[in-house]
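Consider the two complexes below, in which subunit A is the common component and subunit B and subunit C are the respective partners.
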Partner chain A sequence: MSTFEQPPITRIRRARVRNRESFVAALPWIGPVLILIFGVVVFPAAYMIYNSTRRISQAGTNIEGVGFANFSRVLADPNLPRILLNTVVWVTVVVTLTVILSLALASFLNKPFPGRTLVRMAVVVPWAASVVMTTTVFYYGLDRDYGIMNTFLVDIGILDSPYGFTKNVTAALGAAIVVGIFVSIPFTTYTLLAGLQAVPADILEAAKMDGAGRVRTYFLVILPQLRSALAVAVLINVINVFNNLPILRIMTGSIPGYDADTLMTYIFKVLQFDRRLDLASALSVLNFAIVIVIVAAYVKIVKPMKED
Partner chain B sequence: MKSTTRTTMMAMAAIGTLAVSSCGFGGDTSAGSEGDTTIDMLVPSYSDDTRALWEGVIEDFEAANEGVTVDLQIESWENLESVLQTKIQAGEAPEIYNGGAFSAFASEGLLYPAEDVASADTLDDFQESFAVNESFEGTQYALPLLASARALFYNQDLFDAAGVEAPPTTWEEMHDAAEKITATGTPGYGMPLGSEEAQGEALIWFAGNGGGFGDESTITVDTPENLEAAEFMKQMITDGLTQPDPGATQRTPMLNVFLQGRIGMVYALPQTVGQIEEANPDLNYGIANVPTNTGEPATLGVADRLMAFRNDESKQEAITSFMDFFFADDQYVDWVQTEGFLPTTKSGAEAMASDETLQPFLEMLPAAEFYPTSNPAWNATDGAFKSLMGLLETQDPASVLEQIQARADAAS
Partner chain C sequence: MAIAAPPEVPASAPSTSRARKYGADGVTRKWMVTRVVVGILIIVVFLVPYLIMLVGSLKTRSEILAVPPRYLPQDGLQVGNYLTMWSTPETPLPYNFISTVIIAVFATLLVLLVATPAAYYTARFSFPGKWAFLFLVIVTQMLQPAVLTAGLFRQMLVLDLNDTWLAMILINAAFNLSFALWIMHSFFAGIPKEVDEAAQLDGASRLSVLFRINLPLVWPGIVTAIIFTFVASWNEFAASLVIMSTAENQPLSVALTKFIGQYATSWQYVFGLSIVAIVPVIILFALIEKRLIGGLTAGSVK
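The block that comes next holds the complex of A and B.
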C-alpha cells in the first residue's frame, strides 16, 4: 500500500545506510592507505607530542610526566633566537632565489630551440641524484686541503690561499644555500614549466595585438596565469627547505657551538650530543607548529586554491 | 621439475617459520634450553675489518653452541649511542652492547652484573687496572674489551727542514717546534676540536697539566689545571701554530692530511701506524711521548667495554657462553690484534708482548688518564665537549670550560 509513498525520513535513512555500505565496500581499497597514514603520520606525531611532555633519561628510560616543563626550557634557551633567525634566512633566501631562477629557466625551456629535450633532461639531474651525495660532492670540493673548487679559486686568483668554506659560519651557510638552491631548482622549474605550457596561446596573441610589449606581456599576462603553479611551488619548497637536514648537517656540521644551526640541525644536535630525547621532542613539536602556522598563513593570504 | 618446486617451497616455508620463531616475538620458543635463543648484539665500527672480525667470532661461536644465534648490528660511533637510546626506549635493548659509557645504564638497573654473564675464570683474567674502571657503586657491570693510548706522531722530514732536533717533551718545546715548522709554511701542530673527538684532544692537554674530567662521583671540567691547559691551547691557536679553523676540524680528515705529510705534529693512536703503512708508507715519521707542561708523562687512555642488557632472563646463559667464548685466548687476541688495540686481559698481554708497533703505547698506558665513564653525567659531559670545545677558537677559554661544566652539572 505505502510502497510508492516513501516518507522523506526513510529516504534519508536509506541514503545513510547506503553510505555506510559503500564505506564498508570501499574499505578493502582505502584500508591500506588509512593504515599507512596512521602508521607513518598520525602515530609518530602523537608519540612525539607524548614524548615532549615526559622526562626521559639519558639511557632512554621514560621516567615521568613533566607537563610543559620541556617547552618552557626550550623556549628559554639562549641559543633559540639565533637559531630561528638562521632558519628564517635559510628558508627565505633559498626559496626566493630558487623561484626567481626557476622562472627564468622555465621560460627558457618553454621556447623551442635545438636540443631542448636534452637540456630539459639535464635540469632533472640534481633532482635524480641523492641529496646527501650532491652535498658531499660540494663538501669535498670546498675542502681546504684537497678540495677541487678551492684549488680552482686559488688558481684563477680569486683567493690567495685555500679558504675553509665549510668551517666558518657565514661561508658555510652561504655554501649550504647554494646547494639548497641547486637541488630545489629541478622540481620548481618543472612545476612552473607545466604552468607555462598551460597558458593559452590566444591570450598571448591578443596581448600582442593590443600592443603590449614583452615585459608588459610577461608581468601582466603570463605571471598571473602562473599563479597556481607558483603557489604550489613556493609552498612545497618552503616546507621542504624548512625541514631540510642533510644539506645543513653536512655543510655546517663541523662548526662548533650553535651559531650556524637552524631549528632542524639543532634538534639533531640535542638528540645526538646531549641525548635529550624529551627536549628534542619538544623542539620537534615547536618545529611542527611553525610549519603548520606558515602553511595556514600562506593558504589564507595567497589563496592558492582560488580559481580566477 | 614439479617436485623440485615443491621441495623449494617447503624449504622456504621452513626457513620462514624458523625466522619467525627466532625473532624477538617468539618468546615461548626461546625459553626452553633446547629451543633457539637469539642474542642481539650492537657494536660500533672501529675499522673496515670490524664486521668481518665479529662475523668470524659469531660463526665459530654458533658452530660450538647449537641453538644459539647471534644477530649482529654495526653502527658508526657517531650514531651508536642514539641507536641504543632508541632501542632502550622501545624496550628492545640489545643483549650485548659494545660501547664507552655504562654507568647511566647500570644506575637504572638495565645491566647484568659482570659476574652474572661471565665465568670466574674470564673475570679473573682481566688486568686489575682495567677491571676497576668497570665498576659502579661497588659492582662490576662491564667487561673491558680493549684499550688504547695516544702518542705524539711527528713528521721527521718537516722537523729536519725546520731545524727541530728532537721531539718536544714539554709544552714550551712544543710551542717552539710548532713555531719553527709553521715558519716553513706548513702548520706545526694539528688540533682537531671538531665534534668528532673534541673530548679526546681536550683530555690529552688537560692530563698534561695534571688535570682531568673528574671521577665517578663528580665531573670537574672547570678547574685551575684545566683552565691553564685550555689557555695554552688557545695560545697555540692565536699564535697561528695550528692548522686553520681548529674549532671545526674533525680528527679523521686531519689525520689524513698528516698522512700526506702536510702537518708537523699530531696526537694519534696505535691504528695510525697501520694507516700510514697502507696509505703512505714513504712518510718519514716518529712516535714520541705526549709533551706535557712539566715533562712528567701523561696521556689519554681509552677503554671500551662489552656490557649485557637485561631483557629476558632466559638469555643469560647464552650471553655467558658468548662472553666466555670470546674472551678465550685465540678469539680475543686475534680480534684485538687485527683491530690494532691494546689487550685488557693478562693472557692477551702475554700473547701480544712481542708486538713492536704497540710497544710505545703499552709503555704509556700506566700514565694514562681515562674518561670518567663510570660517572652517570659522563654522557652529557662528552656531548658538551663535542658541541662546545671548538668554541675555544673564538671564545675565552674560561667561558668555554664554564659552559661545559654547566652542562655536566645539569646532568648530574
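The block that comes next holds the complex of A and C.
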C-alpha cells in the first residue's frame, strides 16, 4: 500500500494532531451507534439463530432442540441448487446492469442543461415509491388480460398478441430483473451523483489542459475519484438485491413449484405456506452466512473504506 | 484537442453563443438540444409506471379491470377517489399518514444524529476495533427486518414498545444507519486532513471542527443519506406489519394492504394511495436537492 510510504515531512505533521486513539476515546463518537445496534438488532438476530436449531410446530410451539438437523434438511433439499442458481443470476444481472446504467445516468445528470432539476426529480420517483407498489403496477400492467403495458406492446407491434409475462419461469424472472434494475437505479445514481460532486473541478480542468479526451478523462480521472461512492453503492446494492423479497414474490408468485425462486422467496414460501419457522430460520441463517461471506470478500478485495 | 475555435459556418454562430449562455461547460446548441431530448426520454421512462398508477387512480374499479384495457378513463375522471379514500371503512387513512410522517422523520433524524459523529470519527482517526466496528455496522444492513420479525416482536413485547411509534423509529433507524454511516464516512475521508489539522491547531474543538468545517463540505453525502433513510423508513412494511397492531398507528405501507382483498381489490384506492404516498418524498427531495450540487465543488473552486 502506497499510503503507508509517507514522506517523513507528512509523518511529522500527522504526529502533531493525534490520529491514533484508544477505544475508550472513540466511544463518545461511536457509542450511540453501538447502543442502537445492540439494542435493536442483536436480539432478533440471535433469536433467528436459536430458532434454526429448534423443532417448532406449525402452530408455533417451540418443541425441542434438534442441533443442526434443520440445516442438513434444507441443504439436502433437491430444489436448492436451482434456487441458488436463480439467486446468483438475479443478483449478478441486476447489480451489474444497475451500476452500468446508473454510471451513465449520473454522468448525464451532472451536466448542465435546461430542465435538469425536473429530470433529477423524475429519476427519484421509483425510489420514493414503495417497491411493492412499483412491482404491483408492473404486474398489473403486464397482465395478459387487463394489462396496459401488454396492450401497448401489442399496439406498437412488438407483440402479436398479449403475452403472459408472469406465467412462465424465464419471462417472469426477466420481468422481475427489469423491475429490480428499475427500482435500484435511482439510489445508485444518486450515490454516484453525490460522488461526482466530490470530483474537484480543477482536476477536470487540468485533464482538459493536458489534452485528455472525454473517454480518457472519464476512465482515468473521474472513475478513480468515484471509487469510494461506487464501492459503497455496489455493496449496498448487492445486499439489498440479494435480500429483496417483494419484486420476485409478486412477479414470480403465480408460478407453481420452486423453479423461479431465489433464497428469499423460498424462505417466504417455507414460512407462509409450510408454516415452518424452524426451517425458515435455518434458511435465513444460511442466507445471512452467504451474504456475510460475499460482503467480507468484497470488503477485503475492494476496500471500500479509504484507509484514514 | 479542441481549443475553442470560432465556428466557421456563419449560420451556427448565433446558436453557439446562445448555447454558451446555458451551458457552464460551453457546448454547442445542438448538444444542448440533444441533452434536453435525452432528459425528456428519461423522464418518460421513469414516470411510466406512476402514470399508469395515476391514470388508474382516476378510473372506476370496473374500468381498471376491463378487458381489453383502455389507456384513459372513459367514464370521466374519478377525482373523487382522492377524497373518498380518506374516510373508507378499511383503514383510518389520515392517522396512517401522520404515523408514517412521524416515524420517517424521527428515524431519519435519529440516524443523522447517531451516524454523523461515528462516520466522521472513523474517517479521521484510527482506534483498536475500528474495522470490527465498521463491519458490525454493515452486518446490520445484511439483516433485513423481513427475516427478523419474529424476534423483533418478542423484543418489543419485553420492552413494552409493541404498537408504538418509538418501536418503529428505533427499528428503522437501526436497520438503516449503516448506509448513512458508510456513505458519510466515504465523504469525510475525501476531505483533506489538512483542513482539520489547521483548524485544530487554531484551537478549535473536535466537535466544532466537525460541525463548522467538515459538515458543509459533505452535504452531497448527507443528502444522499437523508433520502435513503427517509425513503426506507417511509416504505418499511415487514416490521410495521408485525409491530403495529392498532389500525391508527399503522403506516401507509400497511394501510395500503387493507384495500387488497382476497376477492375484491379496490385498485382505484391502492393506486391513489400510492400516488399520495410518493408526494411527500418528492417534496422532501425538492427541498434538499440543491444541497446535492454545491457542496465540495462550490467550496473548492475559485
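As a working rule, the second predicted complex is superposed on the first by the 267 of 308 C-alpha atoms of A that agree within 3 Å, B and C clash if a C-alpha of one lies under 4 Å from a C-alpha of the other, contacts with A are read in each partner's own complex, and residues count from 1 in each chain.
Rule of thumb we're sticking to: contacts are C-beta pairs under 8 Å (C-beta built on N, C-alpha and C of every residue); 3 or more make two chains touch, one makes a residue touch a chain.
The model shown is predicted, which means the values in this text are computed figures rather than measured ones.
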Room on subunit A for both subunit B and subunit C (clash or fit): fit
Larger contact residue set on subunit A - subunit B or subunit C: C
Which of subunit B and subunit C A:Thr136 touches, first, second, both or neither: second
Which of subunit B and subunit C A:Leu277 touches, first, second, both or neither: both
First (subunit B), second (subunit C), both or neither touched by A:Gly147: second
Which of subunit B and subunit C A:Phe108 touches, first, second, both or neither: second
Touched partner set for A:Ser57, first subunit B, second subunit C, both or neither: first
Partner chain in contact with A:Gly164 - subunit B first, subunit C second, else both or neither: first
Which superposed partner A:Gly65 touches (first subunit B, second subunit C, both, neither): neither
Subunit B versus subunit C as contact partner of A:Pro256, first or second or both or neither: first
Which of subunit B and subunit C A:Asn243 touches, first, second, both or neither: second
Least C-alpha distance (whole Å) that remains between subunit C and subunit B when both complexes are overlaid: 6
Contact residues common to both interfaces of subunit A (with subunit B and with subunit C): 145, 277
Contact footprint of subunit A on subunit C as seen in their complex: 1, 22-25, 32, 35-36, 38-40, 42-43, 46-47, 49-50, 52-53, 56, 64-69, 71, 110, 113-115, 117-118, 120-130, 133-144, 146-152, 154-155, 170-171, 173-175, 177, 179, 181-183, 185-187, 189-190, 193, 196-197, 200-201, 220-221, 223-224, 227-228, 231, 234-235, 237-238, 253, 256, 267, 270-271, 274, 277-278, 281-282, 285-286, 289, 292-297, 300-301
Subunit A to subunit B touching residues, read off their complex: 56-62, 143-145, 164, 166-168, 253-258, 269, 271-275, 277
For the subunit A and subunit C complex, residues of the former touching the latter: 13-14, 16-23, 25-26, 28-30, 32-34, 36-37, 39-41, 43-48, 51, 105, 108, 111-134, 136-138, 140-141, 145-149, 151-152, 182, 186-187, 190-191, 193-195, 197-202, 208, 211-213, 228-229, 231-232, 235-236, 239, 243, 245-246, 264, 267, 277, 281, 284, 287-288, 291-292, 295-296, 299, 304-306, 308
Subunit B residues touching subunit A - in the complex, by the definition given at the top: 78-79, 81-82, 84-89, 104-105, 108, 110, 193-196, 198, 244-245, 247-250, 253, 257, 260, 262, 376, 379-380, 383-384, 386-391, 393, 407, 411
